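Next come two complexes, and both contain chain A; in the first it sits with chain B, in the second with chain C.
What follows is the complex of A and B.
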């Protein structure tokens, strides 16, 4: 049985492409598109890895991550943050709130795959 | 006012219009040759005295230019000589200095716009997201060898959709950055434009004094404003002025003024807010017996919101003022009127009477923090002032060597 990943992102075509790549690699992929309800979704699915976009409707990725790190039982889940701005400020903020890895758009499929595999020690 | 001589009478004697004489008086027209000699003769003064008045303004602008170019060693003490011997070149230096000032603020505006503009941030985010989606889908099509037809069709369709979206966003962005939209890319700040407008009107609105029903929009109809907010600010200011004239006419104000000079007392007698009295005294049309007042309004950060300089009390055209002004003292003692004689260090130092007060901008309720504006009125003192407080314009062109309030070095070497 493959490991599971939850992709929190609001661009349908990015969801489709990443889901395809990860499924081909043997991952069970679920997706979610709203920042406000993201934490409930993570808690419900308890995935092995979370891929989290910064710009989300409802709540920013940074806020979701901060809540996640303060949540008993979920705080340990590795998180890969995606942002459209490669500014140092964003990277610093992501590290401060506890992102495991950070990636700026546009990224390549193999990059996503490598990072996600690395995060579960695979 | 030229030695109390009635402007119109003098204009008539020398054969020019009072309006033209007014422009000359406020250094808005250069004067020379026969006209200068005529005026000097009528006023029975040395023509050089008149000439120097016009030159003083130019020299002061040269010093401002010098202050902004601290890495160039200019012959500071010879500025008078330069302005006197090469008036044309001196005018050019001063005009270019003003131009540099407005270009600088245009660059700052653009900078702010790039880093804080929500539309640009959204557009860039949208473009990067779409590019990411296209790149991911495209590389799946290229790299995956055993891709099912159904998936291939879906990714191809996604790429097509995303590329249409991308071209749409790019077009919006190009339209947004179109240099044809001059109103948004104005060469100067709104604050500076308002200053320039008020100066061009000689800080008075006789049409509003005479008839408060005059529409402010009609007054600025023929004025060119680069920034829409400067025009709005000008209209807002004139609207306040006009509403005030409707409550208290110019002649009523003048009649009360004959009984007392204290702005608080005038406000009490006229039953209007004291800040309204201050504004009115500073921006009324000049006339016989009507003293000329300088006026300045600042917010709590020290930014000067409204400036009406007068001879004897200059105000910085850009940036911060001297922290010793009673204006700023009033912010630490809100609601308390401060009367203090001041003298501005400079070549034409003359003791001034000042009146300052900081008042809440709007009414506030329980649990709300009042927001204060400081107001200060200055006028040339009628009588000898005891021990006036020395103040400057700003640090850069101030020659006081041992000032505790100094924030930056002066470019003037005199007396050091």
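What follows is the complex of A and C.
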């Protein structure tokens, strides 16, 4: 039984791509597309890893992460943040609110796999 | 002869219709400056001379000598001597957008509707008999012709004459009196028609006079000799009665609803009053010049039992001058009809604004905005009231049976309306006057008038029993209608007028002194009394909690969408803002209230705004302004205020400019970051799937082709994004070349609709092709691009289950206005500000990058037009303004 990933992202094609890559590696992948309800989804599924996009409808990824880090019982979950804006400001902000890793789109498939594996293994 | 008379009358009426239509058309096109000339204004004032004075002046001269002159002297004195007070009334009327005399009095006393209702009822009671009198004068004069011709009436007797005249007048008044809702606007058709009638009635009397003096008497000296010998020359002078009649006619000239209508409501320019002040007395002089010669001729010619009121007709008829008699008939007809028309308009405005609308408001829940179309209701109420008023006059004639009782009603009616004078005059010269005093005075005066003059005029045992008439109410001698407080021996008219006006005035003053006006009354009082000093009105609204959008919705329902949007846009512009939604500053609410008052009256308008804004309040500053002692402070503070307002405006503009600057630098960052996002997102999919395709050998065929399809789709998205970006950049940098040509708007829309057919949507389109047939000089492809964008947007975002897009085209003076109206839920308030910005999608469920509307805005500004979002329409409404030609 593989470990589980919750992918919070609103671009259907990117969901499709990441789901394919991770499930082929033995992960159980679930996805969610709304920022406002993301925290509820995380607490419901209690995944081993969360992949979180920055630009989400309802609430930004940064806000979701900040809430997550303040939530008892969820604060420990490793989070990989994705952003398509690729500015250093975003990276700093991600680190400040407590992202485990940060990745700029577009990424290579192996890069995603390495990061996700490292987050549960390490 | 009767047939000829009927034909001539009908032709005359048809001509009046044509004149009114022509005047309306001219005015609608902004032409016909003479429509607004002081001459027309002066002539319209001549509705003072009604059928009653036209025929009755001769009758009165034959019976009682020169008493008829008093009726004309009153108004002359007002115009010459009281010119300043008329000017004040007209100024107030224009400043406060007054719609009727009831509106004026209610507006002065804190916009109290109860006062408006009392005044309206008094006006209806006072004026209805007068309308009956006009109908009677037409039917009597018609009867005279019947008698002289000896013909048997085949299809018309005198009763049905009155009926058909009433019907015709009601139709004319409804057509030309309720064309526009804004009662404060001029009714050019009506005013022009009555000006023509004024000329006709004067010409008729003067022609008859010339005939009598030069043909019948044979010259001026012969006429003078005849006057010397006649009974009229016996000077019967009753000072009290003369004074009373002069006072009455002066009061009526100011306070009669129809006079108020032509003098104040229809006034175009204050300076016209100046012309009227000398021209109207000349008119009156000409009207009265030949009264005596005609009267003596009648007295000589006919037996003493002949009705002298009809000498104007019987003199030429007995001489066999049928054409002249017919001209006189048309003159009298003119005098009677113009009075009824204007009186019906004035009364119907009062009834609809002060009786129907308040009732409707009370029943229509708390939210005006959700109720139906207010304009239609007001217009309907006004038309119904016109019908009602004319019908009332007709039935009054039928029931009273005409005759002598009716003939004396002229002065009785004047006396009833004169009761409005203390409240009105007091209101504009005396600050301490308040609504309790006004109401008490009005009711006192009205009751005494009714008891001592109006009700007894129906004759003993008609309404008041003869025992009341002889022994007083409850048998109390001092309550005898014709001898109040035991004072007998006075002329009935003088007696009633003396008591009603003096007690009215006394109660008004005493009650006003004993009670306190509320703040709103104080403000209005100051504005009325000092109308010449106050140029800026004191505001009665505190900073609004009102949603501008709610106000816009309400305003649209009353003054019409176009007008309301224009008003809001102008105000927004004045505040230095773009779009249709200004801040609800107290000044703006004030403006809005006044604008609405022009349509529905001050009291109703105030109540309607209060429903949305919440209670109005008067600030300490405002009260300071009305304090007598603070006159100098007032001057100083109003200067300060003007400065403060200017500073506030500058500050507002600066803030906006600053925000814009900050926004621009932020926009630069945001733009790059958004471009980055929009580019990287499709690239992510492309990279991920191309890696999957390259690295995975055991991929199923359908999966392989699906992933290839995704890559293909994303590259298209990238290309489109780059195209849009380039397009926008070219447009923004002004490098775009526009190819102007003369093209048909309908064809452009056709082209755009055809181009959007591929859009996979069930959006239904509704167009009105005939209205699209307009030629414009523009860049066809660019305009088409904008239209395509708007249609596509509607297809994407309209969230109705059966989405519908209505394209409506309207030609305005600024160009062609194309509205794209969908039936979805519209763009939310916070999104309205940003939809035209780059990368601002209203929702995230679309595939576009959010550049479409930004491109549209650039294109439209390049084409010399504009594109705007029109708020508060229910669905989303985008308004594209295309100039007719290339500037």
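To be clear about the criterion, the second predicted complex is superposed on the first by the 121 of 122 C-alpha atoms of A that agree within 3 Å, B and C clash if a C-alpha of one lies under 4 Å from a C-alpha of the other, contacts with A are read in each partner's own complex, and residues count from 1 in each chain.
One rule holds for everything that comes next: a contact is a pair of C-beta atoms (placed from the backbone, for glycine too) under 8 Å apart; a residue touches a chain by one contact, two chains touch by 3 or more.
Please read these numbers as outputs of a predicted model, since none were measured by experiment.
Touch criterion met: A:105 reaches chain B and chain C at once.
Look at A:11: by the touch rule set out above, it reaches both chain B and chain C. In the superposed pair of complexes, A:88 makes contact with neither chain B nor chain C. Residues 11, 13-14, 16-18, 20-21, 24, 55, 84-85, 105-109 of chain A contact both chain B in one complex and chain C in the other. The part of chain A that touches chain B in the complex is made up of residues 11, 13-14, 16-18, 20-21, 24, 55, 84-85, 105-109.
Chain contact summary for the complex, chain B toward chain A: residues 124-125, 128-133, 135-137, 139-140, 143-144, 151, 154-155, 158, 161-162.
On the chain C side of its complex with chain A, the touching residues are 673, 676-677, 680-689, 691-692, 695-696, 710, 713-714, 843-845. Chain A makes touch with chain C in their complex at residues 10-11, 13-14, 16-18, 20-21, 24, 55, 57, 84-87, 104-109.
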